[in-house]
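There are two complexes below, and they share subunit A, which is joined by subunit B in the first and by subunit C in the second.
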Partner chain A sequence: MNFVRTKAIAKKEFKHLFRDIRMLLILLFFPVFLLGIFGYAVNFDVKNIKTTVYDSDRTELSRNFINALNSSGYFDITKFIDSDTEIRKILDKKDAQLVIVIPKNLSRDFHSNKEAKIQYLIDGVDGNTASLIQNYVTAATSSYNNKLTLIKVSKTGSKFYTPIDYQPIFWFNPELKSTKFLIPGLIVMILIVTSAVSVSLSLVREKERGTIEQVDVSPVKSGELIIGKTTPYIVLALFNAIVILVVGYILFDVEVKGSYLLLFITTSIFLFASTSLGILVSVISDSQQVAFNISTMASLLPSVILSGFIFPIDSMPWAVQIFTNLTPAKFFIEILRAIVLKGVGLQAFYLQVIYLIIFATVFLGLANLINSRKGKTS
Partner chain B sequence: MKTILHIIKKEFQQFRRDPKMFGIVLIAPIIQLLILGYAATLDVNSVHTVVYDMDKSYESRRFIERFKRSGYFIIDMYAENYEEVTEQLNNTSAIVAVVIPKEFEKKIQRKETVPLQAIYNGSDGNTAGIASGYVAKIISEFSKEIVLDFRERYGQKSSSVGMLTPEIRVWYNPELKTRNFMLPGIVGLLLSVITLILTSLAIVKEKEIGTLEQLIVTPIKPFQLIIGKLVPFVILGFIAVVMVITAMNLIFGIEVRGSSFFLFFASFLYILSTLGLGLFVSTISKTQQQAMMIAIFAILMPMVYLSGFAFPIENMPEVIQYVSYLIPLRYFITIIRGVILKGIGIEYLWMDTAALLGIGIIILTLSSLRFRKRLE
Partner chain C sequence: MNSIEVKALTKKFGSFVSVDNISFSVKKGEIFGFLGANGAGKSTTIKMLCGMLEPTSGDALVGGYSIKKESDNVKKNIGYMSQRFSLYNDLSIIENIKFFAGVYGLEGELLKERINWVLKIANLEGKENILTASLPGGIKQRLALGTAVIHQPKIVFLDEPTSGVDPISRRSFWDLINDLSAQDITVFVTTHYLEEAEFCHNIILINAGKLIAEGNPKELKTKYLKKTILEIEATPVNNVIEILKKSQYTEDVSIFGNNIHAVMNCNYSEKEQVYSMLQHVQDISVERIDEIVPTLEDVFIHLLEKDGK
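Up next is the complex of A and B:
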């Protein structure tokens, strides 16, 4: 390994990168842009549920109940209807996510001490939102019910009794904001794009244009070439990571609770792994189009869907859960969440670090193997 | 017309000659469908749970039993002290720790209220919120039984007060599967990838290699070139759509409830916009790398995330909701979901259809003009 030659290649690659200003701007600017979109647009926090009410009871009880719902802040009652024939149309057209049907004798049933049912029709197309709406309406009904019972019971003089008082406490993210949860995943995604995808493209470009043969006949060894070519992208990726953390802190109050040193070391290890993946892809593919498709299929897509970035791994079928272990992003996201959100130390994620190192070695080894095979046949 | 056919033929020959590429274009949709279908689920069905039972009584065990039986909770461990609870929440995948206080049983027998703590790992807010809903449900059912039990024991036959209870019905997707929500969206995603990214790449490739200049000096007119370049991708896009819809039905049992014809018609309208965007990208980029990056980061990703494909538009801040009206994929996804899941047709979706048509024509015209100007 000759350091001077490696440095020369790195310098050349940096020049390439800086000369292509559009590319550089994209690589630098879009992480922030994406973060903005993610931070503001991407969330599962269901509020202002569009609600239509069909009140066929029209009593004090039903009106008070509707008012209570309206003032809870979760329901946005936009429409009242007079017949149940419209319900289907409203849900079909997505005019409302929830239709509350209050049956005719609600008040009568309630006051004659029977069970009075309130019907909720939920648009289930988005299963996640629907199940949150389900939780809200259940909670709203039962809390209103408790209030009524309390009033009634205190009138008769007996004591109102709730056996269990549920006290939920949420650690790490008390407001349950999904932004905090998604930002570590976003960092990983952007790092993968700047390392794995860009590296594979820049290596394949030399192949496509034929310049790799010129390099082959020069005294540069392949190790030097690869280190030289990847260094600029790794530097860029690290820079991106810093930008994202700073912007995340300014815009979304996402603070790094744990140690910065650990963060830096683990990020470098991850970059090592994902760059190795990029190298592996570049060895397999002959054109940028192919490289691009393989690297999105092999790195970007799994790192969005299988990594636990958005979708909880625990809910996947077990066969898919095994597959998730093939993506380095999964382990790095776990590490990032532990450091950034929980602020815990190495004892929580040393296994993940080991996995990442294993990944890197396997990818590099494979790339090397395939490369030397190809060298022999050609 | 003949010239256009020649260009189309040439494009297809190029596909054929690059079998790796062709394979990827056709296999990728199916892989995406499988991954998304099996993995992309926000359903919370196995909540890793830690139980810290300080009471260790008959009642507390009966209570814990409820968690086990619900099917939603997996009890990973029984903690003996708060340190262990903290340790589990910090270092493992545990999502909730249920703490049953001392005198749980006694207080229940004495008819006192027992505080019950559940500590959540809130880093995944969505999962924690849904899990909390499950816990609340278990607690309320358990409480109800205790109260009923008391009444029976003390001889109160009917309840002294009425009760409001919710009766919930979920339409279109009664099992609340995220899969049914996600998969139809893939049709939109795929069409975007194939028509937007591949079109722009194909054109920029000619630029990069220098063959575009050769084409310019031939008698081919710009519009013929545009049509000839675009048609193969339209065909490819439709093949992918048919494949995905068939696979969706065979593998996941999601049928198209509405009219397939309308679905294809809407797909066609949507393609107008993506082809236009693809053309536009090709006019602003010099290399394939640039084209990919712009297509993906500046156009595709924002489009996907703001379209309601995975994240409900209703949850976004108002300003961003307005921005989403500019995004053609938004209308297309509404149409796809409407047709596939709800079985509705143009009678309810005419507004989205019109929007799609309008945006498509505007984008395609502007981009074609720009492309022509670049050529001349």
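Up next is the complex of A and C:
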């Protein structure tokens, strides 16, 4: 490895980067833009469930129950109806996600010590949301039930207590905000796309313009060329990572709980793997267009769909779960969640780090193999 | 000692033989012309000699190093400039020069000295910060040549360096090539312009991957084309060519500007015979017929047509 040669290439690449101001601005601000979109728009939290109530009982009990639901904060009671024929219409038109039907004899049954019944109708088109609504309804009802039991028992004069009281505490993301869960995945997606695409484009551009020939004929070794050409993009990507973390902190309160040093080292290793992917793409494509298409396909799609960024890997069919191992994004997301959200150390994710190194080696090895084949035949 | 020694060099791409068993040698400090039509195998040969492409069989010593076993050493000792302009258009002149200096590992005092040298030969002193994209073609080629020899190689390969450059710039580019040769640097050059080939000390001609002629320009003209050549000025040109091609006197007929060059058959070398033949045809007026020394173009067209048959 010759330092003068490598430095010359890296310097030249930085100059290309800073000469093309438009491209530089895109590379710098695109991540912030994406973060804003994902942070605010992609939100899996279910709040303000549009609720319609059909109360045919109209007693103190039914009103109290409705108030209790309303004050839980999850339900937004927008409408009261007077007949059950309207229920269908309301659900059809998506005017409500939830309809609560209180039968006529609720209060009577309750006071005569019979089991009182309430019906919930949930719009089940979006299965995820529907099951969340169900959970909220169940929780709200059971807490109201507790209250009623308390009142009833205290009337009989005996002391009431709940046999087993449970207190769930959510670790790492106590408010259960999906943004916190999404941000590590977002960082990974942005880093892999920007580094793989920009590196493959910069290498193919030289092939397309013929300038690579002048470098091929010089004593520059392929290792020097690769390090020289990728260093500027790795630096840029690290800068991007910092920007995303800062913006994530300001806008969404995402704090790095673990070590910054570990974060830096693992990010560099991941960038090494994703630039290797870019190099592999550059070897198999002959024009910038082809390189752009292949590199976005190879980096963006798996990092969104297969990485566990949005869709949990555990709930995928086993065949698809095997495919998730094809993207380094999966492993780096696990690392980032461990460092940023949990604040744990290397012992929790050293396997993932090894996977990343394997990825880089395989990508570079393949690129080298294909390149040397080409050298002999074309 | 020879600068380049090529031995039975062959390159196949699948079943296609691009370079077919070529052998030749290039003396130190000479300007060596490497000629051939498009697709004859020139660029492939140059790429092999520069260590960019591995030969299928055969070998060559470039600056004393085998291109097969010591391509790293070959690369350190040669300069290369291709027909495609290979400087970076979005970088300034000085940035381009510094990049190539760095690629060849130049540092310190030597670096400064060589940067100034390149700026001087390209006539770009004081214009270091201009973007390369804005330079005219001729200047770009000089700059490209300067950067190609920034590390002072003993051998420089120029692959069609003057294609697409105006005649005046071409002439001054050749002055530069002569300067390099005078400094004992071997210049290996391919070109499409046969008047440029006249400037070379030695020439080889290849066709379909095979070597078909070699020697200095003077030898080529006398050795390979011993027949009389007539330069005929007559109108209408198309009719005259048709008549000449059909006649028993001529072997080859080709057009050179307003003139017609006819390679005569051995038995009929007298211009009077041609003159009287043409005179007897209606509508043809003959201005003049002269016997001429063949140009390289005559020789090459003759050789390529013979090879084609």
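As a working rule, the second predicted complex is superposed on the first by the 358 of 378 C-alpha atoms of A that agree within 3 Å, B and C clash if a C-alpha of one lies under 4 Å from a C-alpha of the other, contacts with A are read in each partner's own complex, and residues count from 1 in each chain.
The working rule: contacts are C-beta pairs under 8 Å (C-beta built on N, C-alpha and C of every residue); 3 or more make two chains touch, one makes a residue touch a chain.
Keep in mind that this is a model prediction, so the values were computed, not measured.
Peer 1: Once the structures are superposed on A, label A:Ile305 by its partner contacts, choosing first (subunit B), second (subunit C), both or neither.
Peer 2: First partner only.
Peer 1: With both structures fitted on chain A, tell me whether subunit B or subunit C touches more of subunit A's residues.
Peer 2: B
Peer 1: Looking at the overlay, what does A:Asp20 touch: subunit B (first), subunit C (second), both, or neither?
Peer 2: In the superposition, A:Asp20 contacts both subunit B and subunit C.
Peer 1: If we overlay the two complexes on their shared chain A, which of subunit B and subunit C does A:Gln97 touch? Say first, second, both or neither.
Peer 2: first
Peer 1: Give one of first, second, both or neither to describe whether A:Glu115 is in contact with subunit B, with subunit C, with both, or with none.
Peer 2: First partner only, subunit B.
Peer 1: Going by the contact rule set out at the top, does A:Lys11 touch subunit B (first), subunit C (second), both, or neither?
Peer 2: second
Peer 1: Could you tell me if A:Asn2 is touching subunit B, subunit C, both of them or neither one (first, second, both, neither)?
Peer 2: Second partner only.
Peer 1: Applying the document's definition of touch, where does A:Thr162 land relative to subunit B and subunit C: first, second, both, or neither?
Peer 2: first
Peer 1: Have a look at where A:Lys330 lands relative to subunit B and subunit C in the superposition and call it first, second, both or neither.
Peer 2: neither
Peer 1: Using the superposition on chain A described above, determine whether A:Asp216 touches subunit B (first), subunit C (second), both, or neither.
Peer 2: second
Peer 1: Identify the residues of subunit A that lie in both the subunit B contact region and the subunit C contact region.
Peer 2: On subunit A, the residues that contact subunit B in one structure and subunit C in the other are 20.
Peer 1: Where on subunit A does subunit C make contact in their complex?
Peer 2: Of all residues in subunit A, those touching subunit C are 2, 4-5, 7-9, 11-12, 15-16, 19-20, 209-211, 213-220, 375-378.
Peer 1: If you look only at subunit A, which of its residues touch subunit B in the complex?
Peer 2: 20, 22-23, 26-27, 30, 33-34, 37-38, 40-50, 65, 89, 91-94, 97, 106, 109-132, 134-135, 137-139, 141-142, 144-145, 148-149, 152-153, 156, 158, 161-178, 180-181, 193, 198, 201-202, 205, 285-290, 292-294, 297, 301-302, 305-306, 310-312, 314-317, 319-320, 323-324, 337-338, 341-342, 344, 347-348
Peer 1: Going by the contact rule at the top, pick out the subunit B residues touching subunit A in the complex.
Peer 2: Against subunit A, subunit B makes touches at 18, 20-21, 24-25, 28, 31-32, 35-36, 38-48, 89-91, 93, 108, 111, 113-130, 132-133, 135-137, 139-140, 142-143, 146-147, 150, 158-181, 201, 205, 285-290, 292-294, 297-298, 301-302, 305-306, 310-312, 314-317, 320, 324, 334, 337-338, 341-342, 344, 348.
Peer 1: State the interface residues of subunit C toward subunit A in the complex, per the touch definition above.
Peer 2: 13-14, 50-54, 72, 75-76, 78, 80-82, 84-88, 90-91, 95, 98-107, 148
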